[in-house]
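This report refers to the structure that appears directly beneath it.
In this document, chain identifiers A, B, C and D correspond to the written order of the chains, with residue numbering beginning at 1 in each.
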Amino acid sequence: MLLNREFLNAVEFRNIEKGLAEILDLWKNGKFHISQEQEDCHAAIEQYLTEKYGSAGQKIHTGRSRNDQSLVMIRLYEIAQLKNITKLCKELVETWSKWIKKNGKTPMPGYTHMQKAMPTTVGAWQESYKNALEDAGGLVEAVIELLDQSPLGSGSGYGIPLDIDRKATAHELGFKKVQSNPIYCQLSRGLFEAQTLNAAVFIMTALSRWASDLLLFTTSEFGYFSLSAEFCTGSSIMPQKKNYDVFEIMRANLTVVQAAQFEVQQISGRLYSGYHRDLQLVKPPLVRGISVTLDTLETALVLAPQLQLNKEKLAASMTSELFATTKVYSNVKKGVAFRTAYDNVKRSIKRN
Amino acid sequence: MLLNREFLNAVEFRNIEKGLAEILDLWKNGKFHISQEQEDCHAAIEQYLTEKYGSAGQKIHTGRSRNDQSLVMIRLYEIAQLKNITKLCKELVETWSKWIKKNGKTPMPGYTHMQKAMPTTVGAWQESYKNALEDAGGLVEAVIELLDQSPLGSGSGYGIPLDIDRKATAHELGFKKVQSNPIYCQLSRGLFEAQTLNAAVFIMTALSRWASDLLLFTTSEFGYFSLSAEFCTGSSIMPQKKNYDVFEIMRANLTVVQAAQFEVQQISGRLYSGYHRDLQLVKPPLVRGISVTLDTLETALVLAPQLQLNKEKLAASMTSELFATTKVYSNVKKGVAFRTAYDNVKRSIKRN
Amino acid sequence: MLLNREFLNAVEFRNIEKGLAEILDLWKNGKFHISQEQEDCHAAIEQYLTEKYGSAGQKIHTGRSRNDQSLVMIRLYEIAQLKNITKLCKELVETWSKWIKKNGKTPMPGYTHMQKAMPTTVGAWQESYKNALEDAGGLVEAVIELLDQSPLGSGSGYGIPLDIDRKATAHELGFKKVQSNPIYCQLSRGLFEAQTLNAAVFIMTALSRWASDLLLFTTSEFGYFSLSAEFCTGSSIMPQKKNYDVFEIMRANLTVVQAAQFEVQQISGRLYSGYHRDLQLVKPPLVRGISVTLDTLETALVLAPQLQLNKEKLAASMTSELFATTKVYSNVKKGVAFRTAYDNVKRSIKRN
Amino acid sequence: MLLNREFLNAVEFRNIEKGLAEILDLWKNGKFHISQEQEDCHAAIEQYLTEKYGSAGQKIHTGRSRNDQSLVMIRLYEIAQLKNITKLCKELVETWSKWIKKNGKTPMPGYTHMQKAMPTTVGAWQESYKNALEDAGGLVEAVIELLDQSPLGSGSGYGIPLDIDRKATAHELGFKKVQSNPIYCQLSRGLFEAQTLNAAVFIMTALSRWASDLLLFTTSEFGYFSLSAEFCTGSSIMPQKKNYDVFEIMRANLTVVQAAQFEVQQISGRLYSGYHRDLQLVKPPLVRGISVTLDTLETALVLAPQLQLNKEKLAASMTSELFATTKVYSNVKKGVAFRTAYDNVKRSIKRN
């Protein structure tokens, strides 16, 4: 764009291309260093180019600010990670589908208020989490749609007093459109990141509740499912122990992502318009929240196919009280009014 | 549906229709009462119908549970309120557009780090909030899409052992589709409500930051904008006071909605699958969060057109330091490398 | 104080005394009304006194502001409620002590990672919660100590330009000392209320985890404890149900109080010094958080003595793996090194 | 203790002493490594001792669990850091006292609702924050009192089946008393850490609001205070910029500590009794919250004495409306009833 608009001449443009390739090469070999004084990669790159290629380096910051460069970088990172999250969700949906095909028809008690309620199947139970991840897709898409606008050229929040071509840079960076109002580019800091984390919280809630269920269903008292010993841990004083720590970490990871969302929301929530240094603190919770979500999805992918049914325990758990509602409805089918049928079954249970 | 599937005969169906019309009429006249023992409207309606129409009343609970009835009710409430929120957002966007057309070109300092940065206009400032509300539209739509599935017939989370027609009831209630897995219906409690509130938080963040800006820009030190006295308050001991309380309430209201989102997320976050009474506590923060969002939008709609420019103050604020970057770029346009032009202007400022 | 400092004469003072007694009487009989225009009780009281007693009424606001009157009122409310909370905690500690004396020695499995770990007793389990409430005492005391300073006379945050006697009013209101810096009186808004709620969260965490344990231990799979049917609920479609909803509400109530603390922290967290209308929004979450804490304590007091042991289930649960560590240590007592003893027991378990 | 109770003989005891000294030495020289398989320092230490000193190493885990060792370590860390926090608070109080002595009498406008209210002084303003930090002392003390009980010997939450002397180890570790109930030791995980962070949030709220005030009072529009350029930053495109980033970071740091408190509260909030691996996730937010608090206090200590008054700006800001309440009260002193005096001044302002 700088070449097309003649802010760079052809020689400068080629020097920048060459210089950036050199820097990438140095970086890959661990030989490109950013000093404390340079503060960040943007200054280090400019300095390298200036020392080696003179005016090319001195012109590279034309039409931009460190501020909009950071905005671009964060947004590209988020979009890429949201796509990774979607990919892992789809793989997990696939994995669960296979598991359901194999194990799904085995009966299992359905619970309400932690008490036995009505019969269900391990397939119906597992499918509920599959459905949640499927629905997550639409939310993630809406967030990507929101983020898919280029802030490059918004400068420090008040544009660049130069005739730059924002459409061209948006297109080259792969953004769908330009985020035209530069003050809105700043306003969207934190606001957009909270949306990214909100989609992650939706997914993590499903995974955390799946893990909670499994922690209950792998107790010796319930005992419906198990994992082989290689996925479990022992204890430093209790030699008999087989613990499902991995589900506990998955359960708690939800909180890590929720706290990250909270942190991002609060940092940006009541600031005045325009950039504030506070907003730099959005990055750690954003990266933390995304990383934990990716890790948890990857862990779930490893564990999901390994989940074994304890068929005897499941069969023994299908006790008669689970069928009380079925009895009610078998009378409804014969024409008895629902309330009468319900009262009759209730009375017969109390008599026993 | 119950008639079509022959769980009700034609007489029972007509009696229920009549009875429900009577109840609605009594309710409108303040004469339909729900007693402590009845717990909720569902029991009260059934009892009324049973006392007056016998078997019709005893059959009305066929194919449903109080549980899925509540789910339906909450979801219809949310969808309706999200549509109201969208409508108010659009009106506010319209109102701001008109205000921008009238006032937008007046210059105004742009700030970063709360210090004067570069020139902008009151229109660009106002437009940034307009853009945020426009983008909110996509998020709200995605939430409505998520919620638009009928839980009726999921019973207490394990379906109804009777051949009911869930598609028919979904259609009659105006839902796009059936939420087929009944365990997922329970899993979505809280999970979906957190999404509703998340969309509200996005909108409230924009409104709260708009209010924050206005609290700063209406101080006597900045003084760029004002409202007439009828929108302001006084003090019980300071006779000179003109306070912009209304913006303070708008600013703080964001926190109310964020706390509601937090409460909903936490209540449902780590429960086992299946219904738990904990989930009843989702309702107060949901209603609180939605009401505060609607109130704040309505307040903004009243205030937005009333915002007056103090043109002298604005003109006086356009001091020379705001134009330093313009000077840099006027030299860039003449062919000076950006970094050289920047350093020259910086040196000249220090000399003064 | 106003009389002693001669801002009121003796007649005016007597009229105010009389007038306030009349107002109290009217109030008790539901006959003292506060109109929309009066905004609050302070204005209504002044108007009543002025209409009936002239100058006495016009002088009653001398030396104060609605602002510091509200501060006083909130603080007295908090101190009183914290004392109520302490009283209820002590009663619950007493109740649990009696229960432990009666039931404490019955063996019970101790769990880690939700798996059987080592033997314990129902007494040791119950005592852990008792200890938590005992330790809460020190925290509540520290909060009362913090709050026990009189803001009266701080006006709207910048004092009153009149020679009032703040020590005298502090003493008459029962405060330990004067909060002398009036700007600090404003700074403590929200800051102090978050401390009140933090002490409540400590207590609620103990009660919520007690309720969580009981929800697990009353499942049919564990079955260690039960309550009689009068404390449980049924279902609208499952006639067999006995649900422990009351523990679910207790578990979820923690979240309500945490959300209240969060709301208060956030409202006051990043304001400028001096009063802001935002701070008025501190009241609803404060009252909500305190009320839920009091309700939950009162509920626990009703339930605690009713908790029944299912002795057969408890006896059957004391299976051999719980004693693996005991075996290790019985060898340690005979002189075997801990790690050798541990490895031996671990090997013997694996062989079986 | 193990020697006194004869679980170690004198030779073994000496070997352990020697071995631990060696390990410390290796550690200081960066030569003691913990491998992935060893998981933590406890296993690495045991293995080192066993390889070098045989039975001494195999006996070192006698009477403890990794679980209670971690609990001890966290608690000692918290107590030490809370004492550091107290020390820094005292230094800051001292620094502010000196600053007040030097600058305190300069008049300054007092604000409510961000509008000029009544006259105050820079000393009164600064003192309000000093008072907050002084009051923090009592809260921190109460938390230390709570934490000052030794969990060593509680094993994994159900004690050690061996006659160990918990009082002796508590005393040697510097704890005030034994936390006797081992299930309570587990219950206090997270619960106690949330208290540590809550005290930190109290302090951080004061620092964050101080920083907020300074961000407002260093704008060019207010301009009451300044820092010299070495504490400020510039911009990559605006050559004129002098930004107070350091106060923005301080303002935002409050959120980091609040999010840490939130994370800790939520992880431990609704778990069953007994240890869960979830609790391991308490450590990162605990350390993050404490570190940020210490950093912010140290930064405040550097900045506080550097804060310069802009006397002309301050003098010019003392405009007449600030004295309206003084006028009211000068008439009250002459015997005019407060409300009459107030109404008279209000009318005279409106006339102008």
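Please note the rule applied: a residue touches a chain if its C-beta (ideal position, glycine included) is under 8 Å from a C-beta of that chain, and two chains touch if they have at least 3 such contacts.
Quick caveat, the model's predicted, so the values are computed rather than measured.
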{"item": "Neighbouring chains shared between chain A and chain B, ordered by label", "value": "C, D"}
{"item": "Same-site or different-site touching of chain C by its copy chain D, using the half cut", "value": "same"}
{"item": "Candidate from B-D, C-D or A-C with the same interface as A-B, over half of contact pairs in common", "value": "C-D"}
{"item": "CA centroid of chain B to CA centroid of chain D, Å", "value": "36"}
{"item": "Chain C-chain D separation of Cα centroids, rounded to whole Å", "value": "23"}
{"item": "Chain B and chain C, separation of their C-alpha mean positions in angstrom", "value": "31"}
{"item": "Junction residues of chain D, two or more chains touched", "value": "61, 67, 112-114, 117-118, 155-156, 160, 216, 235, 237-238, 243, 245, 248, 251, 255, 258, 262, 266, 269-270, 276-277, 325, 342"}
{"item": "Chain D contact footprint on chain C (complex, rising order)", "value": "7, 46, 50, 55, 57-62, 67, 110-114, 117-120, 124-125, 127-129, 131-132, 135, 138-139, 141-143, 145-146, 155-162, 179, 181-184, 186-188, 191, 194-195, 198, 201-202, 205-206, 208-209, 212-213, 216, 251, 254-255, 258, 262, 265-266, 268-277, 325-326, 329-330, 332-333, 337-340, 342"}
{"item": "For the chain B and chain D complex, residues of the former touching the latter", "value": "112-118, 215-216, 218-222, 235, 237-245, 248, 266, 269-270, 317, 319, 321, 324-325, 328, 342-343, 345-346, 349"}
{"item": "Complex contact set, residues of chain B against chain C", "value": "42-43, 61, 64-67, 155-156, 160, 235-238, 243, 245, 248-249, 251-253, 255-256, 258-260, 262-263, 266-267, 276-278, 280-281, 285"}
